[in-house]
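Provided herewith is a single structure, encoded as structure tokens, for subsequent inquiry.
Chain lettering (A, B and C) follows the sequence in which the chains are written, and residue indices restart at 1 in each chain.
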Amino acid sequence: MRHWSRIIGATAAVVAVSLPVLASAETLTIALGTNVNTLDPHMSASVGTDLSVLSHIYPSLVIRGPDLKLQPAVAKSWKQVDDLTWRFTLVDNASFANGEKVDAEAVKWNLDRVRDPKVNARIKAWFDLVKDVKVVSPTEIEVTTSAPYPAFADQLSMFFLLPPQWAASHKPATETLSGGRYELAENVPGDHITLKANPKWWGEKPAFDTVIFRNIPESASRVAALLAGEVDLITSIPLTEVKRIKDSGSATAGSVPSTRSLFIKFNTQKPPFDNKVFRQALNYAVDKQGITEAIFDGAADVSQCQVLSPNYFGFNPDLKPYPYDPAKAQQLLKSSGVDLSQPIALDVPTGVYLQGTEVAQVVADQLTQVGLNLKISEMDFSTYMNKYLRSRELAPMSVLAQAWPTIDADGLLTLFAPGNQYAYWDNAAFGKLLEQGRSTTDKAARQGFYTKATALMCEEAPALFLYVQPATYGTSKRVSWAARGDDWVRAFDLKPVQ
Amino acid sequence: MIRYVIGKLGEAIVAVWGVVTIVFFVTRLLGDPAALLLPVGASAEQLDAFRAALGLDQPLWQQYLSFLAQAVQGDFGQSFVFNRPAITVVLERMPATITLAVTAMVFGVLIGGGAGAIAATQRGKFAEFAVMTLALLGQATPVFWLGIMLILFFAVDLGWLPTGGYGSLAHLVLPAFTLAVFVSASIARLLRSSLLDSMKEDYVRTAQAKGLPPGQVFVWHALRNALIPVVTMVGILSGELLGGSVVTETVFAWPGVGRLIVQAIESKDFPVVQAGVAVIATVYVSINFLVDLLYGVLDPRIRRKGQ
Amino acid sequence: MKAFLRALVQSRGGLFGILILMLLVAGALLAPTLGLPDPVRGDLRARMAPPTWTGLFAPGAHPLGTDQLGRDILSRIVYGSRITLTIGAYAVVLGGIVGVMLGIVAGYCGGITDRLLMRLVDIQLAIPLMLLALLVVAALGPSLTNLVIVLALTSWIRYARIIRGQVLALREREFVQSARTIGASTAQIMLRHILPNVMTPALVVATLELARIIIMDAALSFLGLGVQPPAASWGRMLAEGRVYISTAWWVVTFPGLAIMLTVLSVNLLGDWLRDYFDPRLRT
């Protein structure tokens, strides 16, 4: 039932957005929880802040719409010529504010820049499979990859184009030259960034003349700013605040499922988590539904025994969560032969996941009730990541939420592939299925492989599957937002309310 | 005199060098920026290549030497996160921090000083009780609680002031008040107790006995001596505020250096952490130097001995 | 002793302070026998239940409400006091002893000792607390002892700077000079003549530090140093309730009041002790 109302709501939002709107000289203010750090679109992989702001200034080949589907931008169409070749046809009227054309040469220059080891681009990893970029004509470009890269077009929605000639004599980290809907008007580091509509923008005129991104780190202060009428859009607020905003009547709020699933990762390479029955037992011992209802007011969806949320390509609709069954859990724990008295560490990163530390305490409590001896240790995210990737000492259990920006199983599931440094799980059959999924670009065939892979992962339980994180937001009554769960915060997804 | 100044300058340089060196090794011991800056899914080779590009694959002593060689020229390297010189990133946040710190200190000292003096001279009266109760509230109220309550009342309910941000005088009021409450509470308590002490001193009693006007006795004899611990406290608090008050900056979205440094520690942006602590260490050394000079003004006997 | 107690009972502030403090300590010591609800296991369905005073002694009553996980706040405050008061007392005393000692040494000896100690203070002040905490967790591991060490480390400098300033003035005073002329040793002068005269500022700093330390404990426990969930300390309760400040005021307000009450009682007691032991006031 909840699903239906959400789908209807989302559809209504999309319809509302697609209605023609009179252009008005309005200012839109958006609050961001974290700081915008750099203006160089190749020097940040942070979609929710840097890339969102830069998506107003720089053009991209494709963009991802509020419905999470790819839409044309500089590329008016694209197709896969074969498993290893992509061809993009570009619009012919796109240009930067200095007159530089956004043409095939410019695209090639950007793809070369991001892969240049000397540039040390932060997003280089996204393009490591790109082997060759060939300019066919000013409006035609062909990219060859060294292996099939089915999500390449999706990846390009996070890749913004700099003006090549301008970049030769300017510093993109601090300077900008617009080729998008807006241009930079003011940047007060740590406080706000003001954008003005780009008069030379080659597309449809945006609805807001001025867009201000304000940095408000404290969630209570973001809510206050919304209620005081200072900002029009806020995100990442606790569910209790969603309710308060709705009750206040002076603004609206809500949530949509995000693309990020929260789970408890097991270090299956060390006892006792090398024991499959033990891992399954833990999945039975936690009341996922109860957690989503109590802590998220029902706004979080229980994970369907996989790390993919329904938005992902490759999502397996046939899987069902492990039921909450403490008796069965205890029985499995017994048959697993694991000594339950041993202390087991549960690492919890603080300050990164919406209400994540609360969830960790509830899970720990429920696992304690079936007889485990759990010890929570909280730590800051960088210490956590250091254990995860650098010193490679992932705790037996750790709270983790992962998403993949292309919203494709190839990517998110790869983080569990054997040999992958993120995995801490070594299952050859799973790895084989992922390889097969990547070896073709045929959608039905790929879906088949991922259906098998997710089913295997559910059965093997390398994690305690919990829920899909809700993406919470609040908007002023002046605007409507096509709420989305994939971190993008863009002025052109908002429309003034008449 | 010149020798004295050079000596002090030498000490200052040693202290700043000490801080920066400690922080250099501590940050490198604690973590790895690669996993935090690269997108999730980056392979081990990509992480290694990234570390190499930042020079983090070099032996630690070698990194340290090249860091020192740059640092003596005021260059703390490029920020890993901001992709521009770390010292610029830090210094551009300083005006906001200094504005807030100075405003909060001025009001905190005036209010706290006045309150402390009233409390000490009105011993046992209602005024003392009122002042000390307020001071207690001020020192035991968590800053974030006070901050959010002020926002809810003055910005949301009344709509008189902005909820946060930086730019105008109106933006400054609430954060400065929040900090001033804490500062004035500390100063009021310290001044009251040291005034009570000094008013019992023989020389104050002598001055009173000589029939000097009470005001003159208070200011010239009791207050001057009582100010020594207060001046020290003002020094410590100023240093702390100039180093950035993280909680206040966070609650009021104030773009100060405290939040910046915490963010840099969290994201393992070594150059910014180093530049930040170097700046803060310089601030502390200078303030403590000023405080030492003030001692001499307040009590001439200290000056005689001190030099 | 009898005179001391009589004086204590006759002073309003001192008596009030000691009574509150005794109550807090008694609560901490007797927590398990008070019949309070489980402080670490809550009822998720009774999440953020507001305070109710009806059926106060009935099972399931929450006189101070419940927190974000449905745990009884009164029970958490009482159990939390065990950790908070212990940490506070140790950190304040440890930081105080070290700080007062070094402050006296720096102020009295002057010269190179003073300069060295004061630059050490500058260095310590300039190192961000977060870095220090992360270092201690990484190097020594998380434990309450290490938490106290970090808190004391951030604390001694305040005593040291303030005491030193005081001593700089004191050492030129007649009574110190004359003690020196009659041949008192440096240690004797420091202990007998200087120390009693710096106790007043030291006590004030100690009460200021107590409040700071209790609140700061939370920031450090999120970095993995100190109290880990589901155990409670007052600082943690404050910090965990932070996001609910505008939707469930009781979650942060009651631990906040507990902190305030503690600081108040220590202040009152401190003020009275100072007056009581001040030789100039005793006639």
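In the analysis below, a contact is a pair of C-beta atoms (placed from the backbone, for glycine too) under 8 Å apart; a residue touches a chain by one contact, two chains touch by 3 or more.
Everything numeric in this text was worked out from a predicted model, so none of it was measured.
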- Comparison of B-C and A-C by number of C-beta pairs in contact, larger one: B-C
- Identifier of the chain whose CA centre is least distant from the whole-structure CA centre: B
- Roughly how many whole angstrom separate the Cα centroids of subunit A and subunit B? 38
- Item | Chain centre separation (subunit B, subunit C; CA means) in Å | 21
- Query: Quick one: subunit A and subunit C, Cα centre-to-centre, how many Å?
  - Reply: 44
- Name the residues of subunit C that each touch 2 or more other chains. 130, 134, 138, 242, 245-246
- Where does subunit A touch two or more other chains at once, residue-wise? 220, 224, 380, 383
- Sequence positions of subunit B contacting 2 or more other chains: 30, 144, 148, 152, 265
- Query: Considering the complex alone, what residue numbers of subunit A touch subunit B?
  - Reply: 35, 37-38, 40, 43, 45, 117, 120, 122-126, 128, 171, 173-174, 188-192, 214-218, 220-221, 224-225, 227-230, 380-383, 385-386, 388-390, 402-405, 411, 414-415, 420-422
- Can you list the subunit C residues touching subunit B in their complex? 110, 115, 118-119, 121-123, 125-128, 130-131, 134-135, 138-139, 157-158, 161-162, 164-166, 168-169, 171-172, 200-201, 203-205, 207-208, 211, 215, 238, 242, 245-246, 252, 256, 259-260, 263-264, 267, 271, 274, 278, 280-281
- Item | Footprint of subunit A on subunit C - complex, ascending | 40-41, 44-45, 47-48, 68-70, 130, 134, 137-138, 142, 221-224, 228-230, 240, 242-248
- In their shared complex, subunit A is touched by residues of subunit B numbered 30-32, 34-44, 46-47, 49-50, 53-54, 81-84, 89, 92-93, 96, 144, 148, 151-152, 155-156, 159, 162-167, 250-253, 255-256, 259-260, 263, 265-268
- Message: Which residues of subunit B touch subunit C once you look at their complex with the stated criterion?
- Response: 11, 14-15, 18-19, 22-23, 26-27, 29-30, 136-137, 139-142, 144-145, 148, 152, 186, 189-190, 193-194, 196-197, 200, 225, 228-229, 231-233, 235-236, 239-240, 243, 261-262, 265, 273, 276-277, 280-281, 283-285, 288, 291, 295, 299, 301-302, 304-306
